[in-house]
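Look at the two complexes coming up: chain A is in both, with chain B in one and chain C in the other.
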Partner chain A sequence: MTADREQIRSLDDPEVMVQTPATIYDAIPPLTPRTEREAEFYELGDGEMFVNLGPQHPSTHGVLRVVLKIDGEKIVDLDPVMGYLHRGVEKICEYGDWHHAISNTDPLEYAASMFSEALPVLSAERLLDLEVPRRADYIRVLAWELNRISSHALFIGWLALDLGGLTPILYGFAERDEIVEMLAALTGQKLLFNYMRIGGVNGDVNHEFLSRLGDWMGRAAVRINDQATLMNENEIFVNRTKGLGVVDREMALQYHMSGPPLRATGVPYDVRRAHPYSVYPELEFDIPVRTDGDSYARYLLHIDEIKQSLRIIDQVLHQMPDGPVMAKLPRLLRIPPNRAFAAIESPRGQYAAYAVSDGSDQPFRFRIHDPSFFNLQAVGPLTRGELLADIMAIMASLDPIMGGIDK
Partner chain B sequence: MLATLDHRLGDRIVAPAEVMGDTIELVVRPRDLTDVMRTLRDDGDLRFELMADLCGVDTGLTMQVVYHLWSPLSSDWVRVIADGLSRDDPRVPSMVHLWPGAEWAEREAYDMFGIEFEGNRDLRRIYMPPDYLSFPLRKDFALADDASRGTGAGIRHQEHPIAPAEVRAQPVIRTSAGAGAMLGPDGESLAVSAGANPEPAAVESGEEPA
Partner chain C sequence: MSAAATPAPHGVSLTGKIILGLLAIVVAGALGFFLLWVTGLGSALVEWTVDTGEANIEILRFVAAATGVLLFTIPAAFVIIYMELKIIAQMNMRVGPDRTGPFGALASLMAGLKVLSKEDYTPRGVDVPVYTLAPAVTFLASVLTLLVIPFAPGMAGYYMELGLLYFFAASGLGVVGLMMAGWSSFNKYSLLGGIRAAAAVISYELPLILGTFGVVLLAGAFGPADTSPLNLGQIVENQAGWVWNWYAFQQPLALIIFFIAATAEAGRTPFDYTEADSELVAGFATEYSGMRFGFFFFAEYVNVFILSALTVTLFLGGYHLGVDIDPILGFFGVTTPLEMSSIDPGSLGPWLLAIPLMVPPVLTLAFGGLLWMVKSGWGIIKSLVVGFLLANLLVGALFTFWALFSFEALLGVLVFFGKSFGLVALFVMMRATYPRVRIDQMMNFAWKWLMPAALLNIFITAGAIIIIKEYLS
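== the complex of A and B ==
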């Protein structure tokens, strides 16, 4: 009774009220560093402070948390914290059969899921040494290149958005919407297509798809040029990307970068040419390469790649043969014990899988290599010493997709 | 390319380089790994300077770390398998001093398999929470709802910490000859079976060799 009264009085007592918060904050134990590097990072120098970016910052293109150590406006060091979207896709793949892996890997790269869902398909075909009908191969290339354009269009919009420009994202989405409607006519889905199949694709091209595609092809090149002109000559955009986040050849190779960030440093590594798959050897296209290595070069490279993709689509539409779109396969697919590495050039770089089979109908090990994971790793060395506001510009120019990074 | 690889690497590879589709495969002992990788990267005729992938594999009997490299000189990939890591205490030298970008991939392999990369200064979990105890991609980590693989007798709760001594007592659910394991868990002897594709019968018993 008296204790209650004592407590009530103490709550009214202004001195007690002031003191309580201090005791609450003291109760949190300090973080014990687990590694040498972590101990070094969480040691504050003179005038330095931590700023927490994320976990749901719109500039991080997914759920990423970055702990920044800053001195004034300068970034001293940073520690990305990942795993917010981790679902354990590799483990889930081991527990479903080979066909299930297609829908499990689908949501990894949600801006271009035609590519991530192709991984189990290509690796299973390599393990089986399976010949895919040529028409299916052409339809795949068509779907991939369309998806690449939609993803690149979004990238350009995102990059401008992260730099504070609202207009290009509207153009990007307008472009993407048309392609997505097209692919919806082809696959029935707008985001996670689930279209690739081991031995072919799920269904032939139809009239609606082709009419939408033909309609769009007539104005695509003009639209891309419009979008490029809007950005190329914008002084603020150029100032905030040119000379920023410069990657050189050595660093790109050391950090396993791939895709536009690697090709912007002058290394012509594109899996479509470096290690051809599907019908790419029969198609005529260039691998655009730039040597500046900065954010601006990466952006320009995306524009160049869209143009090459349009070239590929044009050829595919002219060369596509008739025939079946699925190889004949048993429904229960048992793959003899073997291992294979399959890679594909996604809009963000080399999407690869290392698959081991054990003779059952389920993958024994299905390793997924996501290009964004390695490109994001370079954010650390790229942003050290830069200004706080530039981390968005640099990160956006590397185009990470957290769905694939966290798996 | 094969002859060059065999010549340059000599007895540091367990078996002669083998072509599997469009990939050249090399199996090395963990103690030779750093040496082999440096040769592959720096040799003027090889120049495998782009690491296309780094991942861990649990074959059910031993652990492996599998590297894929690409060279601007040839269109082939090279797969380097650091074979024969013991499942109780898998250890392999870190590649961070050759490719600084290996850091996160090694953190991932540590997070998923518990493989210790000696020389990596930041070997902590990357996906799972820091207070997590298990290594989810190991073959003795069974998903709780896995009703399809037998009676459920050997299935533990997911977050049960595994002491190394216990690991041997637990039945390994799956093994595969497809992973190409050639070395025993001591990383030295040609224990599992010779040849690139060991007979499935040799490993289907699900028990570790003594």
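== the complex of A and C ==
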């Protein structure tokens, strides 16, 4: 139905009468498609309609927008629209010196920013061929693993919340709260820590951090199990996630997935073991692997990884040597012309940076490889033909963080 | 702008306006009465009113009962919302509301007032009459079902011979409101929510109603022949006596089927896909705001209470305690039947002394101990004093109620609400435990499991009745 439009005077020229802007009753004029894919997608078939999911939708984990073409409850096709959080981090990094890059990459992975801020640090150290003090390395591993647990706890809560469960998110947040308080005692920040430094870390571990850590370690394993018992054999949760969003080995490798979604398909690829960095070669831990490749396997894998992280923290606390936490470096860091690749295993997969230095104190090029972006690509093929409710379960189990995807 | 502070020179103050307005009403009323009296219209009017009232006494009763039930649902919904806030908070390792009122008990009331004071916004593009009516339809449909539930012996909104049939007819109307809301909201999420609600109700009304057939069959076969087996009051009376007389023990499968279907019917977790917040934002209620949204909200909680109450009525003995109290009282020398007129305190003998000696200290200790355990800041003395006051309050309220009604009504109401709110607590705990079921899984479950199970239950019950009636008696 089309409402009668009024004629009003133009704001530019009062002599000219123009029509009022379109009302909501008017059909939205079709956009000229820019690609063949767009032309195909924005063509509605019989009985189909578009539903706009996001960017403010409660369950798209940030500002991802997905245009769904649905037939009843069934998803026919989908078109993810990204870039709502785009800041141009890579370019910003080129305009500050190497130290600025740390705080610029900090908010990329905002649920676990210890990892994204380590990228410029590790790549600069590779470029300088710098030996980091061993105590600093151990503290880094401690911070990484704590942050991994907090991120995984959040993942478990989000997954349950997207499926309609109210309780696990609060169990997850109870865990995350304690870790965040701990890291706040260590770094002074609660979300974007800005703790890693080229050649070490910002400060040594302090008393409050260690006492909080010891307090938490005593009951962490029990509490993780508590959370798991609520969901592992919850009939509805298992029915909702098992056999849903199955990624097989070939597809995972094809889409360049990494992290838990890749390991859930049976590929034991973990950067900590495949391309060891820091003191991970000296630590004893397993790479948990599941073979089903569905949402439930991804969920179980996160629980396994939390247990492995607890194991690593335990070893780190026992093996940590004394010594300085910062290497001796000039304040104005001029890195000789070279190129380096640094990769790190973040909670979401392989976080990597390719850094090029031209001899100045600024990076010439700082390319960031974000695992969420590659994992999220699988949403398209996985959700086609599934139901509307399933897109949440699939998306939540791939655990994308939009800060890194939009960069 | 200091002009606002000084009053207008020749204006009437607010008090004056109120007094003048009241005066005008009083004068007009007095004049009207005088005119009626002089012309003789007054007595004619009274006569006509009385005649009409007598002729339509059934309609008047219905309206009065519906109004009473409507007024009852609001506090019931507030209590359920508070229970939900508090129980889920405990299960989530949170404190929950604790600022307004004792233990935050007024939080739900404040939320209600907040909803009431919010802007009632009608978006552009909605189908205005349908959009406006939808919350009222939903709310009234759920409230009207409460009319036939017996709260205590002799205490029901309206005794209907076909009470159960009326219940399902009225509760089936609720989905019309949801569909109206979903269709008229001019929003795709609302539309999906409304259609999901319709699909859910079509699927789950059948097992819900078929689940009650077993009870109806039993009531028809073994109840008195002069009343209908659909009469809810009669169904409750059939379950009098000891706890194993409850239909839950004769119809366990039906109870399970009915409870699951009731959860889906009320749109509660794990069947809350009609307003799935992570999928459809808020489902059919997406475009609603203010008290219209509040009506949907209220309707949901009233529905929870009503379906709990119906489960209690049909399966869990209604207002019966489950203890055959007559032999026990006979043991202590109290004559039966226990009624207001027949209570003779003298017949208790020496036990009469025990009541004033035992009851106040026990109640005080119970309340005081509970407070002392819960309120960490309170000393034992303060807890005991407050406990004593609360005990007095409770005893006073009980005696007042007793004086006004009867012991049976008092016990019945307490037992009925105890059971109903116990079931409501179960609904609430399910909400904190389970994720949401997907719509196709829920359809499969309704048609492939609940429906055959309900039919099987009917066949088994009917067969058992035939065997008992024909061969065993």
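Methods note: the second predicted complex is superposed on the first by the 378 of 407 C-alpha atoms of A that agree within 3 Å, B and C clash if a C-alpha of one lies under 4 Å from a C-alpha of the other, contacts with A are read in each partner's own complex, and residues count from 1 in each chain.
As a convention for this text, a contact is a pair of C-beta atoms (placed from the backbone, for glycine too) under 8 Å apart; a residue touches a chain by one contact, two chains touch by 3 or more.
The model shown is predicted, which means the values in this text are computed figures rather than measured ones.
> Is A:329 touching anything from chain B or chain C once the two structures are fitted on A? First, second, both or neither.
Touch status of A:329: no partner.
> Between chain B (first) and chain C (second), which, if any, makes contact with A:192: first, second, both or neither?
After superposing on A, A:192 lies clear of both chain B and chain C.
> In the superposed arrangement, does A:163 touch chain B (first), chain C (second), both or neither?
Touch status of A:163: second partner only.
> Report for A:337: first if it touches chain B alone, second if chain C alone, otherwise both or neither.
first
> Regarding the shared-chain residue A:174, is it in contact with chain B (first), chain C (second), both, or neither?
So A:174 only meets chain C here.
> Pick one for A:184: touches chain B only (first), chain C only (second), both, or neither.
Neither: A:184 stays clear of chain B and chain C.
> Who does A:246 touch here: chain B (first), chain C (second), both, or neither?
neither
> Which partner reaches more residues of chain A, chain B or chain C?
B
> I'd like to know which partner A:234 touches here: chain B for first, chain C for second, both or neither.
second
> Using the touch rule from the top, collect the residues of chain C that touch chain A in their complex.
88, 91-94, 124-125, 186, 188-189, 192, 196, 269-270, 272-273, 276-279, 281, 431-441
> What residues on chain A touch chain B, complex-wise?
Contact set of chain A toward chain B: 34-38, 82-83, 86, 88, 90-91, 95, 126, 129, 253-257, 267, 269, 274-275, 336-341, 343, 350, 352, 354, 356-360, 364-365, 367, 369, 373-374, 377-378, 381, 406-407.
> In their complex, what parts of chain A are in touch with chain C?
Per the stated touch rule, the residues are 23-25, 49-51, 57-59, 73, 160-167, 170-171, 174, 230, 234, 236-237, 239-240, 387-390, 392.
> Please give the residue numbers of chain B that touch chain A in the complex, ascending.
Counting only chain B, the residues touching chain A are 20-23, 49-53, 55, 57-58, 66, 68, 70, 72, 75, 77, 79, 99-105, 112, 121-130, 136-137, 141, 143, 146, 174-180, 197, 200.
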